[in-house]
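Here the chain labels run A, B, C, D, E and F in written order, and each chain numbers its own residues starting at 1.
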Amino acid sequence: MKVLTFGELLLRLSAPGYERLLKKDYLNTTFCGSEANVAVALSILGIDTVFLSKLPKNEIGYQAKRVMNYYGVDTKEMLYDHGRMGVYYLEKGISQRPSKIIYDRKYSTFSQIQIEDFNWEKIFRDITWFHWTGITPSLSDNLIQVCIDACTYARKKGITISCDLNYRSKLWTTQKANLVMDKLMPYVNICIANEEDVEKIFNIKANNLSNETTKIDRRSYKEVAQKMCEKYCFQYIAFSIRESFSANKNSWSGILYNGLNKQISNSSKYKIDIVDRVGAGDSFAAGIIYSIMNKKGDQEVIEFATALSCLKHTIEGDFCEISFEEVECLMKGFRNGRIQR
Amino acid sequence: MKVLTFGELLLRLSAPGYERLLKKDYLNTTFCGSEANVAVALSILGIDTVFLSKLPKNEIGYQAKRVMNYYGVDTKEMLYDHGRMGVYYLEKGISQRPSKIIYDRKYSTFSQIQIEDFNWEKIFRDITWFHWTGITPSLSDNLIQVCIDACTYARKKGITISCDLNYRSKLWTTQKANLVMDKLMPYVNICIANEEDVEKIFNIKANNLSNETTKIDRRSYKEVAQKMCEKYCFQYIAFSIRESFSANKNSWSGILYNGLNKQISNSSKYKIDIVDRVGAGDSFAAGIIYSIMNKKGDQEVIEFATALSCLKHTIEGDFCEISFEEVECLMKGFRNGRIQR
Amino acid sequence: MKVLTFGELLLRLSAPGYERLLKKDYLNTTFCGSEANVAVALSILGIDTVFLSKLPKNEIGYQAKRVMNYYGVDTKEMLYDHGRMGVYYLEKGISQRPSKIIYDRKYSTFSQIQIEDFNWEKIFRDITWFHWTGITPSLSDNLIQVCIDACTYARKKGITISCDLNYRSKLWTTQKANLVMDKLMPYVNICIANEEDVEKIFNIKANNLSNETTKIDRRSYKEVAQKMCEKYCFQYIAFSIRESFSANKNSWSGILYNGLNKQISNSSKYKIDIVDRVGAGDSFAAGIIYSIMNKKGDQEVIEFATALSCLKHTIEGDFCEISFEEVECLMKGFRNGRIQR
Amino acid sequence: MKVLTFGELLLRLSAPGYERLLKKDYLNTTFCGSEANVAVALSILGIDTVFLSKLPKNEIGYQAKRVMNYYGVDTKEMLYDHGRMGVYYLEKGISQRPSKIIYDRKYSTFSQIQIEDFNWEKIFRDITWFHWTGITPSLSDNLIQVCIDACTYARKKGITISCDLNYRSKLWTTQKANLVMDKLMPYVNICIANEEDVEKIFNIKANNLSNETTKIDRRSYKEVAQKMCEKYCFQYIAFSIRESFSANKNSWSGILYNGLNKQISNSSKYKIDIVDRVGAGDSFAAGIIYSIMNKKGDQEVIEFATALSCLKHTIEGDFCEISFEEVECLMKGFRNGRIQR
Amino acid sequence: MKVLTFGELLLRLSAPGYERLLKKDYLNTTFCGSEANVAVALSILGIDTVFLSKLPKNEIGYQAKRVMNYYGVDTKEMLYDHGRMGVYYLEKGISQRPSKIIYDRKYSTFSQIQIEDFNWEKIFRDITWFHWTGITPSLSDNLIQVCIDACTYARKKGITISCDLNYRSKLWTTQKANLVMDKLMPYVNICIANEEDVEKIFNIKANNLSNETTKIDRRSYKEVAQKMCEKYCFQYIAFSIRESFSANKNSWSGILYNGLNKQISNSSKYKIDIVDRVGAGDSFAAGIIYSIMNKKGDQEVIEFATALSCLKHTIEGDFCEISFEEVECLMKGFRNGRIQR
Amino acid sequence: MKVLTFGELLLRLSAPGYERLLKKDYLNTTFCGSEANVAVALSILGIDTVFLSKLPKNEIGYQAKRVMNYYGVDTKEMLYDHGRMGVYYLEKGISQRPSKIIYDRKYSTFSQIQIEDFNWEKIFRDITWFHWTGITPSLSDNLIQVCIDACTYARKKGITISCDLNYRSKLWTTQKANLVMDKLMPYVNICIANEEDVEKIFNIKANNLSNETTKIDRRSYKEVAQKMCEKYCFQYIAFSIRESFSANKNSWSGILYNGLNKQISNSSKYKIDIVDRVGAGDSFAAGIIYSIMNKKGDQEVIEFATALSCLKHTIEGDFCEISFEEVECLMKGFRNGRIQR
């Protein structure tokens, strides 16, 4: 079992604590990126994971590579070239004040990737699972083709393909997203999404799924899941569900729909005091991948993914530094946070 | 439209995080002062604002001036002289442990201001609104006279005058405050207060307005407002209302009484996880000034002031670093703090 | 009135904020140890307190001694020898993620203490109260004997003896603990415990006292207290009761059982936002000792101990930096954390 | 007297202390840019200074503007647009290890400036001195035209024009630089340069001016200065001269050549323990501008510029936070750094 | 042997590293004061030391007291009253940029001391050495009388009296200093001074002792010493000699003149890379006191004092955290700073 | 080409900046250990490197492993067991104050290694170079046997063996060291040492090689080298030579003796401003290994090792974060530390 994830690696620059952006004279740094986050989460859970990306040929790129190695992720297939590292600035919110992100990822080395950069045969040797997200094809037309190439090759080899829809309105329009993702979905076995992605990309609506409501109508999720599975023959579609009470207090749960037996499984719900919620969706995806790879039953799959990503909220940075034992402990009901001496 | 605020600028020295005072070997610094806070809040909202004060003629005073400029506040009228910067030490509380303030503001350059220091004609040129608080006249007898001079001149010129009562028991007795403020109130058009100020200074009691109760009797506020408006012919009197559950969890709302039509307007109520509550009252005052200046209706005035000062609680330091767009966003009901990408 | 506490002094190395252990490139340091914590708490409350221990003869040991002096604790009886300082590593949890402790205290200078190191006559001169905890005899066989020697001498001199059971499963088995503590309990006048200690050490069960339940059955506490007092003729046995909702939100209360009149006294209950809960039990013990020494009534004893240790939760580090005035203020009902200007 | 400087404002992200880039998990931030540095230095010296640039229309741009205001620089003419802030990463060297800079300034809002953005009449109203550097025209073809437009207008109005050659090999080739700067030099009254600029851009060589030598042949400077002044009719050309012993120990001096009387003036030489040398050349330019504006004699001009920029080396960040009094004190011979109580 | 030192305890607020004052948003804190520094240095060297002062009755004062205890200094005689803690702000210089101090010590609790506050009999019980400095009588007329009272009592009891002249031009004029110190000198046995004190206070000039020269004429020191000893019958007068090359590089040496045998002893000279030079003179005084108390020969006295205060320059803060062993090691010639494993 | 290094991995806890140990309330952390340092240095230079050690089976051990991966070191052969991580405390000196180290490495998991833990065939598969130091056999008798086993196996397989003598007087006596190292040396091909090691372990003296002298007699090094090579048939013996002027200023050079042709090669000498000198000897060893592996000539070998380890002195922490390009640049004579833009 060996997973390959493919996507951009970014440098995140975040204001310390709850300070306004650039008010203090330093910014905290961490590397991140949806697919890199999944790779790190899986590696910490014990899965052999390869991360494929393209990095600038300078100290920033080399440092990014080293950080992936720190988490045990294999970077032997990494590409390097002249250019810039994509960056995003983060200001963390609290109470009624929301977190804010300013992207500065345009013109990055990754976004200028070439189709010829890839030797799929070499890259996919030993790989049994391939994961990517909707962010990757949104970054350039070359990357759309690269995603198609990768999926075609992976499908041919019988590699399981998972995709987190991850719609980002700042990166592409819903029209373009629909066009591209509709072409890519047929290759996908496991689809992961949050409440907005499906509606935004595929215009498949779930009733009562407003961003603003805190009541979740679980029936409408089933309806949407069913439509998606019918259209694209997914084995599974999983939804993470966030209810926001304030910038630092959320509830978190998950729903898994099994495309084969058409059953829906609901996870436990966690009320969370948030340390850092960025990357929680990625850890949910990692939890889904991990437990499906390990042939868990549907209920366990969704419980594991939700518990893992619940704990991610307590970790500073995008990376999910949570061990299998910690997830297990939470799943067993140990929720009260007593000291472990 | 141009606002002048007049008062002392202090250096605040605060223990980091929730540490006990001087336990760690550094103190966080920020400049502050009720009237300076109002000037900064208004300047960030886009109002031309002049801050009038007197600063020590040394690097501490110059730095204070630069920080006001950073926030866009005009300091061309600033006075300088030998002497010391007033200081206060802050220890931030949490849960059942209250915040504590130790004042060291006596003998400051500002408190030793002279009546002759001021050329009111030059100072008030172009000014359309004058704001001061009850702290200023409490600092010295000279400052009482200066307040009277300023109010007299401003009133003559038809400049709107707002005053935040801001009673501080460490600075003067209720008797002295009553004597002085009673003389100054007739100049005031808009009065801003919190729950204790009116009772302490004017001995005008609102029933059931105890410090300890968390239930607010809004009728009694109306009663008090009415009495004050009748006595001093205010156009408006506004109250900020804080309910404390713990040192870091409060509810916050506001009441506006219109002295002309005798209507009362209640704001929404916000339950807040506090980052720093010092200066929240000043941002409430700024919100009242901003929205009355911009001729908003009564309900919008009190909603704006309350939303602005709600958000202030999430900002470290005394200054209200909140933009108009952020207030608007909260007023539109966006309270759940979702990330703005 | 002069208290002697006897036990190990450790160096605590803790990850900053809610970071994972050793993720950041520094560790916060503080000295600690159950009996040292009690000594510091009492000294801050105004009690003359002597701390007896053995420290490494190097800069780490000398620094530890200086820190005790900083808190006003008398270290004239301190022993020094070659060897190592015991250490523990702490990672602070939040929300569903528990705090974690890794002990590295084996082979410490203190654990290699010799029976001949002590001149009890000199040590106990002027002492009126002797406090120790179950951790001390768990560290070595020599220390069991030292505890017996100290208790024997103290009892002969009419010195009040208090013991906090403080069972630690990583330090000894329940069997060994039972054997040793059963021998030591007859010397003890005041026994302090938490919910698990009594069951683990003496196999005296309280019904419904599960770690996982958040409902406390106060009757069962009475039952257990009664059994303990009958067996060991305690003057008092006091329990601190923690209900954990999450790693950073707990309720805290206390129960005092008077062995003479067989009455039980329940304290108020506090819902706490935790800054640092390590050492809270020790501050509870200090509160019990302080108020019994000062001949308070049973209800006041348990209220004082609970209020003191409630406030300890808001202090970073193991030491209870809380003054008598602060406890009094909370006991008077000032729970809402309003700023004290 | 009012100075306008025109150029890019960048965000500098620097590794703390002497750490390797991105080794620590934060980067220190400061705003910078050659022409902004000159503006700040002049403003602190007491000159009315306007800084003209184009900033991204987001929190990063707004913060940059505020920081200029903090230093008293007028930003009323600032342009804003969508786009990115140029960034550079800095690793500070020490001993035999050199400092390193990674630029990430391509595609910035400033580099995408339009010729139509400028209303020169409005911009140059009240301006008596115009300063720019060779970095500005290197950033885009539009910026070459903008520089020509600005110089043409300024020359017509009789505004003094100063230019710091500031050749950067990463931004343009020597060929392009020669072509463009040759066209711009005839507008320039005061030219500022370091040892490499003249050779790199104009291929006018000074004998023995190697980067590696630490011996300076002052005669060759005169030769080069003479050639430049003859060719472009400069009133003055000034050179800063750095001798590097190690990354943290340099000598610093200056040479001024008067194009009218053909006399050369040499400054004192300072041996410096460096805190931060970035921006030293800009402070040298500011010193030249300040003292020529204030009609100082040639020797005083070069002494002032050298002393100011000597002191800049002791200030963290690109900005020259040095007052007139401090320069004067150093010029009077107070070099031994005794405490000023 | 027990020393009493008497003087003010201040809070020092210093900019971190080499930053300009208040540029960073925090100030480092440390307690200090010439006589407190001497007390701490002596206590660390192993001498029983009592520090007598008056502190504000608030958390700042209590914290100051605790810090003295941390260093083992006895504070049982400390006085407390309402009022403010004296403060000074420090900006540390480097290279050609000097350190700067802004005093804010006026109106302090200490300066408002009353003559009646002191019970000299109780205070001086067990004391064998009394140390004060010229700063104390400069702070108020009451303090002049208190110094006279203390000296009179001490002299009567046969207690050795040492005084560090410590002239501060910001605290009193040379005229007043002369008047007062001339009255106090006859009580003094050991006088400690730096190069300027004697000239400023007593107008006793040493040829060639300019602040600006780096050459020291040791003969002139002898001349001055002789005059002083003749006039006031000192047993010893000791001078510390600083040669400043830059703000962070100084040479340091000492001279001791024996008033009885009229011999002069010169110390070794140390070239120092400075961490913090404030308080170095006080550690020199402590070294003189320590070695005279311990009946060392003249050469050893001056070598010890110079070596101790040389090492002080490497310690951040005013306090001399240097052990006897470390001084001894340096005196033995171990100057090359090799690692001690 | 693949290197294996074998030794202990420690956690270093160091006081920040030049602070006294445990004065500040945090300690900086880094992992270290002589053989780990060599592994990291080689890996950064581009050599495939395996690090063999035994780590505690807890978060501290796991984190140590991750940090090795961060530097690209292969940890697949790492052993884990219950137990403690060895620790050392470091206080960094400056000027006349030396750095100090307190070891707390006794009883570590590594020191309790078993002979049976190793499968040499598996461990040495693909390895071409084996490096260890004298610290490893000093830690336990088991480790002596393990070193013999490893050397025997490696010699049989024709693997090059290098050893850094690294004598530590706190870990074993000269007698024991002599006994053990004399048995191990015959296996060694390349021996690395500093000035004291040879004398302390083998009692082979070089004239004039005192710790205190700063003059180096290079002839005596040749004499010693010759004796060692004759006795143990080394291919090479290399010495690093440190001259200490103060704790932060040293000179650094190297000598290489070729055992085959009996020629000696001297490196350039570097005068260094030290950031952190711990681990410099290890980087010297890494430089020797790297350049001999790459078949450089003798002069280049010693120049490379000296330049690499010169640069190490500018890096905080024990690890040599220096790239091949940086060493090359210094070797080419670029010593003046000019900014690389």
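Everything below uses one rule, namely that a residue touches a chain if its C-beta (ideal position, glycine included) is under 8 Å from a C-beta of that chain, and two chains touch if they have at least 3 such contacts.
Just so it is clear, the structure is predicted and the values come from calculations on it, not from any experiment.
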Could you check which of A-B, B-D or B-E has the same interface as B-C, with more than half of the contact pairs identical by residue number?
A-B
Among the chains, which is located farthest from chain C on the basis of C-alpha centroids?
D
Averaging each chain's C-alpha atoms to get its centre, pick out the one most distant from chain E.
A
Centre to centre, by mean C-alpha position, how many angstrom separate chain B and chain F?
63
Separation of chain A from chain C, taking each centre as the mean of its C-alpha atoms, in whole Å:
45
Return the residues of chain E touching two or more other chains; collapse runs of consecutive numbers into ranges.
20, 23, 25, 100
In the complex of these two chains, what residues of chain B are touching chain C?
17-20, 23, 93-101, 103, 168-170, 211-212, 214, 244-249, 277-278
State the interface residues of chain B toward chain E in the complex, per the touch definition above.
11, 13, 16, 20-23, 25-30, 58-60, 63, 84-85, 87, 89, 91, 100, 102, 104, 106-107
Would you mind writing out the residues of chain A in touch with chain F in their complex?
66-67, 69-72
Chain F residues touching chain D in their complex are 270, 272-275, 310-311, 313-316, 321, 326, 329-330, 333-341
